[in-house]
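There are two complexes below, and they share subunit A, which is joined by subunit B in the first and by subunit C in the second.
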Partner chain A sequence: MQPTDENAFPPGPSPRPTPAAARHRRRLRHALCAGAAALALVGAAAVGPAGPAAATSAQDSGDGGDDGGGDGGDGDRTVLTAAVAQSVDSLSPFLAVTLVATTLNRLMYDSLVNYDVKTQEPIPGLAEKWEPSDAGRTWTYTIRDGVEWSDGRPLTAEDARWTFHTMMTDDAAGTANGSYVTNFEKVSAPDPRTLVVELKEPQATMNSMDLPIVPKHVWKDVDNLGKFNNDADFPVVGSGPYVLTDFKTDSYVTFERNENFWRGAPKFDEVTFKYYKETDAAVAALRKGEVSFVPDLTPAHAASLADHPDIKVNDGQGRRFWAIAVNPGARDVEGRTFGDGHPALLDPKVRKALFHAVDRDVIVNKVLQGHGVVGAGYIPPRFADYHWKPSADQEVGYDPQEAARLLDEAGYELKDGKRVGKDGRPLDFRMLCHATDPKDKAAGKYLEEWWGALGIGLDLQCLDNVGDPWVAGEYDLAFDGWSVNPDPDFVLAIHTCAALPESEDVVGQTDNFICDKEFDRLYAEQLATYDDPAKRAETVQEMQSVLYDTGYMNVLAYPNSVEAYRTDHIKSITAMPAGNGNIWGQDGSWSWATAVPAAAASEDDDGSALGVVLGGGAAVVIVAAASVVFTLRRRATAEDRE
Partner chain B sequence: MSTADPPVTPAAEKAAPGARGAAGSSRRAYLGYVAGKLAGAAVSLFAILVTSFFLFRIIPGDPVKTMTHGRKVDAEQLAALRRQYGLDLPLWEQFTRYVGDALTGDLGDSYQFNEPVLDLIRERVPATLLLTGTAVVLYSALGLWLGTRAAWRHGGLGDKVNTGVALTFWSVPHFWLGMLLIIFFSVGVGPLPGLFPTGGMESGGEEGPAYVVDVVHHMVLPVLTLVAACYAQTLLVMRSSLLDEMGSDYLTAARAKGLRDDLVRRRHAVPNALLPTITLVFVNLGFIAAGSILVETVFSWPGLGGLFYQALSVPDLPLIQGLFIVYAGSMILMSVVADLIYPLFDPRVGR
Partner chain C sequence: MSTEALGEEPGAEPPDTGAPAKSAAPADSADSAADPGALAWARRRRSAARFWRAYRGQRAGLVGLVALAVIAFTALAAPLLVGSDADSVTDAPGTALENPSTEFPLGTDQFGRSVLDLLVYGARISLTVGLLAAALTVGIGTLVGMLAGHYGGWLSGVLMRVTDFFLVMPTLVLAIVLATVMSRSVTTVIIAIGVAAWPKTARLVRAQTLAIEARPYVERARALGGGHTHVMRRHVLPNVLPLVLAQTTLVISEAILTEATLAFLGLGDPQVVSWGGMLQDAREAGAISSGHWSFLVPPGIAIAVVALCFTLAGRALESVLNPKLGVAK
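Presenting the complex of A and B:
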């Protein structure tokens, strides 16, 4: 299974705001520079820039004065621009699986249940309340009264019924979130405010139904849901805080605020996501003020931005764990094994020895440069209810001597600096690493050193596509990581026996082929505990303890979400959860829905606008001077030689 | 890379005006030449179709598994997907289908964008043509001009400076140069204000003349990067081929007739030295469609180079395959064009 963000199941919401400030000023500047540039490029006459520049500035700035950050009173539009890198796979909530697309979907469509921005507890969304009955097999959701789609039509239980029913019956519609509804027996909407879901088995996740609900009156006419990307007819009717108004693949995604949003219209008039395929370029754009928010910064970027007076770096708690996964012998549900995992790793002592030799503090301090938390249990500390830590005598701490002792005990003796098994096979492990993730490579170097000191060889295989060897079970160790949702069901489900593939030829939901009876028993127990959150949390913690003891999944760290925004564009933006949460990748659209534009234009903008005029002028002068010199010289040489 | 086979030897004489009588036969010869080149191009194109099909099937990995990565799918769903993409057919049948589809303009569907490959490519082509096309024209012109000057006064300070500067830019990694330009001219350093956008092709929401201005504004830095990085090759080729001409008798004769140095250069030396450079220009034009992966990525330019990068990182086989055909096809097309107009510059070629 692919441990990258893209596949993280329920998509994390992560909108990125860029403040709108300075937009018309920017336009003026654009126009001027463009004019100058055009001049330079085409060698046109000096009239060039005046025309278009005047046109643009007249068209969008009424007052020529402030940057329009917050005071919308004078007709200035407030625009929040955020940099994004990942391509959108589809804007249809039935198909979208990438983090960016699912995040955008959350801006467009609200769900029955939301997560509280402070506590991450499930709170009423489109459903104002819900109730289980029939021993958790029937769930009745009461749809909020008076909610409207962005086109003014009422949002009713029928829309929700149609959405779920379509996912159950249309294969293509189940592409992204089909597993949410596999346990649904029947969905009905007896009246416009009541949605009834009948289940085959009770499931606790019904308390957190955060799937986007789409408008039936728009979607029922779609011919082929598998081909419909929802990105052609604007504006796209929705129920979220923003309405999609324009989209160009890998260029930009534009949203207009939804005046009908039931929680109240957001403060920014417009939110635009602009593509920067290079983080360096995105950071440059942030410095310049061309974008107001940049996510996914490296420690080096964060350090370089730390002193900027108008930029705030948010080093928020991440929602991911970063782990070493061990191949426990790939197998299918029937127990048929495949792949070529190293047999020595089946020995619990060898696994324990490996992890005793890993110094997690060094990983956090050197590789993550402090932007992270030392790993322990499976679920990150951000989710305090479910987070679990091993007890003192259970913990496999940094202890190279103990590691060496365990290896001796397991019969892997040190010969010429190499640990060799009784069968003569040395302990040489292959480790999959994501070539696109620099931290994998960096941590791999440390592991090479630590394990090398024990006499264990490591062959770090950094690939763009780790998926192929991964699903084929052709690896020994691997760097792994998943985004965790407030409801931990998904990241737990991927370690159950039921997630194993049906056969070697197909793909299962399993992460790394773990199959443990005790874990499965507890998984079923927590899923059925729909009415007692505390008890469920306890079971989930117990599951993590079992998982930890198997030694097949060892969490190195929980990397922080490092992101930055301009305080002169965005006055405030809500991080989730309260305390040290993150902005991009939230469960919900809180950050964008509640961002407040900064009130005053910064003086820098005036300065740079003036500078642009000067700069543009200078460019024109330089080009003109160069051509004069050139012509003169040319004439001179001709005469000289004559 | 190019099928063009340029004559490098200078035409010692201008096309003999005395050959008028043979006009009819030379036209026939030219048509034969054209037909031969076109047939050759068709064969090359077909070879590319074949290569692209088999090349991308040698790559390990099951496309259906790649597509369904991280999702639970059962054997039936996989079989359905295989059927949908025709992967359950015998190889030869897949091949004939593929060739048939490709000839009718159907290059399959991209895995990651869930869209027909041809639509994706069509969407991106204008951006790439605009960026790389402008750059090729500019750097060819700049290289020609500077190369001529450098050769005409070779060994002088101007020659040394020009050649040195060009080689320096040529050796610098493109993405690094692009990044520097962004830092200096987009963000601004010290008293220098940020003059240009940091990336993309448009700000969005503009129309009419404002849109044109906006796009030009976005183009400046990427074009500048490409020009700086690439003009050296035209410069060097032009310089060396002009140097070859410089000792020729016909130049001495021209000077003896009392022509100005300037005219000797422009009317006599340069046209004869131009041939290898023209070949180079057409090779570069062939690369226009390929764009520049690095420059497009640094400047977030929504063109084919960026798309290729995106396709490779998945890997999105139908998209890679489609781009491969487009790249190779444009190369062949430009070679043919070069071959066809070559006789206009050097009559010996068509004979």
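Presenting the complex of A and C:
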């Protein structure tokens, strides 16, 4: 984290490698402008590690330059700098839905119930204890005594009541987590340490109320909660382990530790999240020690960082599933259909044939290069209680022959290498893929070949924003993925009929327009089972079985969280759950709240990056030399002419 | 003007002119005076030979041409050279991101495919897009330029303002916008580049059209009753063509670069192998910071080399065909 590297604060914003190379290039451009542009492309790409990192630092240094420093430079203050890429949608817990924003919210605001860092079981947070009464319709939470906001004001049941009440009554405040409170009848705080929630129906998620509680004395003055992003007035009063002290969109987010945090003040004085839109730049910064932590590494990064003496790569079990979603015919709550999903996909045999042709082992071994677990049920194996696997005769395994047989049986004859339906329409499917996620594109190439061998065409539509065609129902297939919480309610709720949009112009909560009576019945059943976790888990598994059999969601894999941190900056950081967990995007703030700074930072080292610079440099020199020869020759011929 | 026109013979024009040279043909040819068609062909052969002699004198142009021939041959013969399944991910022979070896001279990509094979395959897309986009660009540019130059007046004003509008818009930005709003395919990239890059050609062609129409023989043709279509087809177009040809060659390298840039920015067709797409794949796989130069450098160099070759050939062509440079013999 020492800013000793000369690339950290370059004089200009341009990431040119050396003046000499620039001179070469200028001459080249002068003589052969088009060729030079190509060279610039090579140069810029090849000298990547120095380039983008330097550019990012330059951008940051304009903001005072105080956040680029480390623990080594200014004595006793310890700073943990983490690289992030995703943009913050809002820092208001009422509005935030992105993973990065909810993670930051957990640093800022504590919740009634936390998840244990080792077991992921619900444990007391701001609420010391809670108990249901009236057959699960009334829940009484006892708020921890002596907890204070970061400004010294006491945190009471009234703050929690105000937070929930606001979500129930203000539509804007229910944007992010409104579904948690739709079943609330009434919330009251009879005394500063007692919160009473009365429900319409019993609700199992009351055992895991991990919604952020905001300070009423600050938030009651906010005019429009739908517009308030909580990112202007610093420091932001909170109850979490860290206090937000500064924020600049897509540039940085800084936190100072909360001395009043009830679990005890964290060890790092500051936590800074710095934006690196390029993972390559973030990895280069990690190598140089400019950042201490980088999430979302590619397999190549993980392999190359593994040898570094001061960097530890954490290949933790992921929270996400990664699936293929099939458009079941987009519809709204009233049953009015819209969109233009391929009608052939409504035939269960066609869906089954598609998935029989997918080799999940290859996806995990080649696309994820082993950094993941082969997909089965909907909920990742990390949540062992809820994880489900299809039985042997239920499973749609890799079997291209069976796939071809099913398509024949369904009436899709093979004509000139294409499967054509009785109506003459060929099986050509569009598939939405996230342009920002290389995994999707890579897996798409395999699907294209597997399905192509069956005679099914695939048009991979990689978009930056898949949301527009998705909510309009204008897709046949799509890559889908959600982070799953220890309480699986949310990811199950998005497949119920109630989650369908009210009309085709409205964005519903639904993930993939699935509406299945049996699934809905089981959903209601598990939600009502508040007092018997084992029975609820059984119901949740049954739901996954139903979902699997519909053939509208097929989980390819559970990708690991591949992340790395510098051991000379961070002595220890807690992964969740114990054993093989992740650090970034936990259900809680454990990783940052319990990270311990290393005693002293060692010298920087970027040996491997040097190789790339040398290789790229050599390429530049070769092409530049060739161009000089050409230029001289051209000049010679020009002189001959004159 | 009309008296001067007698002294101005098409012999002073660029070599491969079509119609206006007809009157001069009998004077030139001594051997076969019988058939005018055969005469015209003989003259064309001679001017082609003259052109080739002049081009041969341009060493850089010759180098570019030879290199292009080799690359074009490689691209056409790609399925024979590296097998037709070189871009298949399911039959990939190697493991992910291997370093160069005797089996894979340039290593492998993240799917285990040989980078050398992909490079050979990528040449097809780069050349196809380069040629077609250049053809589109020059086509639009020539049409607009000639119409504006020939008719003049308000039509010229309108067309040139439209041209100016596209001219001030950065080509890359316009191409990105077009590639974003349309579906991702090779056709989209060709259209995006073609629509974005034509104004330069239009300006050039308009200037040349004005210069040619000021020449006395055009006036003579008009006086003899030649209409707009006749003048444009028989007199202006043949004289604009050499310039257009040189311009095309230069535009190709620009189009190849733009194609690579669009693919690198993720706006190309993800389902075809192209050099820009390879750079993008390398970036996404993290090849840059993990030191897998062999995945990254070859496509970059290939782009640079092809663009360079077209530029060299184009410059040579330009100096041979453009009499203002004083090379035409």
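The working rule: the second predicted complex is superposed on the first by the 526 of 642 C-alpha atoms of A that agree within 3 Å, B and C clash if a C-alpha of one lies under 4 Å from a C-alpha of the other, contacts with A are read in each partner's own complex, and residues count from 1 in each chain.
Rule of thumb we're sticking to: contacts are C-beta pairs under 8 Å (C-beta built on N, C-alpha and C of every residue); 3 or more make two chains touch, one makes a residue touch a chain.
Since this is a predicted model, take the numbers as computed values, not measurements.
Of the two partner chains, subunit B is the only one that A:T254 touches; subunit C does not reach it. Once the two structures are superposed, subunit B and subunit C can be ranked by residues of subunit A touched, with B on top. Of the two partner chains placed around the shared chain by superposition, subunit B is the only one that A:A499 touches, whereas subunit C remains out of contact. Contacts of A:C462 after superposition on the shared chain: subunit C is touched, whereas subunit B is not.
After overlaying the two complexes on the shared chain, residue contacts for A:H301 are found with subunit C alone; subunit B is out of touch.
When the two complexes are overlaid on their common chain A, residue A:V218 makes contact with neither subunit B nor subunit C. Once the two complexes are overlaid on the shared chain, A:D280 sits against subunit B and subunit C alike. In the three-chain superposition model, subunit A touches both subunit B and subunit C at residues 33-35, 37-38, 41, 278, 280-281, 284, 287, 608, 611-612, 615-616, 619, 634, 637, 641. On the subunit B side of its complex with subunit A, the touching residues are 60-62, 65-66, 68-75, 77-78, 80, 112-115, 120, 123, 134, 138, 175, 179, 182-183, 186-188, 191-206, 209-210, 212-214, 216-217, 219-220, 223, 260-262, 297-300, 302, 306-307, 309-310, 312-315. Put simply, subunit C touches subunit A in their complex at residues 57-60, 63, 88-90, 92, 96-97, 110-112, 183-184, 250, 253-254, 257, 260-261, 264, 266, 270-271, 279, 282-293, 296-297, 300-301, 303-305, 307-308, 310-312, 315, 319, 325-327. Subunit A makes touch with subunit B in their complex at residues 1-2, 6-7, 26-27, 29-31, 33-38, 40-41, 51-53, 55-56, 59, 87, 89-90, 95, 97, 171, 175, 179, 226-227, 229, 246, 248-252, 254, 272, 274-278, 280-282, 284-285, 287-288, 290, 436, 464-465, 467-468, 471, 499, 502-503, 505-509, 607-608, 610-612, 614-616, 619, 634, 637-638, 641-642. Residues of subunit A that touch subunit C in their complex: 32-35, 37-39, 41-42, 45-46, 48-49, 278-281, 283-284, 287, 297-301, 303-305, 362, 366, 369, 433, 435, 438, 441-442, 444-446, 448-450, 459-462, 608-609, 611-612, 615-616, 619, 622-623, 627, 630, 633-634, 637, 641.
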